[in-house]
Amino acid sequence: MLEDNKTVFHLIGGSADEQDLALTLAENLTEDDSIEMDDIAVLAQAEGIDPVTKEGDESDRVRALVEDGVSVKACSNTLAMFDLDESDLVDGVETVSSGVGELTRLQNDGYAYIRP
Amino acid sequence: MLEDNKTVFHLIGGSADEQDLALTLAENLTEDDSIEMDDIAVLAQAEGIDPVTKEGDESDRVRALVEDGVSVKACSNTLAMFDLDESDLVDGVETVSSGVGELTRLQNDGYAYIRP
Amino acid sequence: MLEDNKTVFHLIGGSADEQDLALTLAENLTEDDSIEMDDIAVLAQAEGIDPVTKEGDESDRVRALVEDGVSVKACSNTLAMFDLDESDLVDGVETVSSGVGELTRLQNDGYAYIRP
């Protein structure tokens, strides 16, 4: 049994409902008093990139998560695909080489994986 | 390599096809003779809550899973959101503080995660 | 922290977009120079079986993944359900007793799980 509680949410779908749910679940985990979290991460890629961009409809919620200490990460392959760069991302969102490489690293490091 | 075989299925989608598939996969795992399972869990939340309610179209299959020893859990945030309480759930379904907290705890405890 | 980097992609959805994305992500991981992978697996089941069949629209990409050393596995429950047999699969695709049993074994053996 692991000592640390760490979780990554995989934000990958393009539907507004799915993106809303992913953010709601991340918010729920920050608010669950029954578990002390050591880290919460959100990995955005493919069609799931929109909420972590400044122009995204849900960017305010992503900004609040970042301010709450959630590690929000964006896949650089996805940025290239949609012709975005780091300046298009909500402040505090980190860029990673590939979303799938980062998901592998995080799970190896003991993060639970949740795909809303 | 872990000694125990434990798996949690994440039942989260609202489509009937997706819910049917999630239950079918849980049933398949109880029936796979090539692997000895120490625990099988199903975590229902968001739109995926319906099958674990008494009124749900698939409640008979959930009842059979519970009788077969599968641990079926419902997210209390979801119950509050849909104005449900424990008495609305199939007998034997357990309530957990938050679905995402429970998924974190289970994976920390060595459960594999499957999102149908 | 695990020493080995191993990841399994769960190919389960029936939409062409979702199947394309799953294959793209597996390809991305083979190409990510920032992480040295010890194994990459793709587990196909349910509606996600199509790309790993010889007649599948994406069979060329699956063939290329196999040639690139990716372990591609097909669920035998799914083959039975769709009246397929091993000869219908792309050469090099392995059959497993149940997709969910294999996903449990792989995660127990340290594989990260990614559900595109």
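Which chain is which? They are A, B and C, in the order written, and residues in each are numbered from 1.
One rule holds for everything that comes next: contacts are C-beta pairs under 8 Å (C-beta built on N, C-alpha and C of every residue); 3 or more make two chains touch, one makes a residue touch a chain.
Predicted model only: the values in this text are computed from it and were never measured.
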Problem - Angle of the C-alpha superposing rotation, chain A to chain B, to the nearest 5 degrees - result: 120
Exercise for the section: For the copies chain B and chain C, give the interface type as same if over half of its residue numbers appear on both sides, and as different if under half do. Expected result: different
Problem - CA centroid of chain B to CA centroid of chain C, Å - result: 24
Exercise for the section: Mark out which residues of chain B touch at least two other chains, giving numbers and ranges. Expected result: 110, 113, 115
Handout entry: Contacting residues of chain C [partner chain B, same complex]
Key = 10, 12, 46, 77, 97-101, 103-110, 113, 115
Practice task
In the complex, go through chain B and note every residue touching chain C.
Solution key: 1-2, 5-7, 21, 25-26, 28-29, 31-35, 37, 110, 112-116
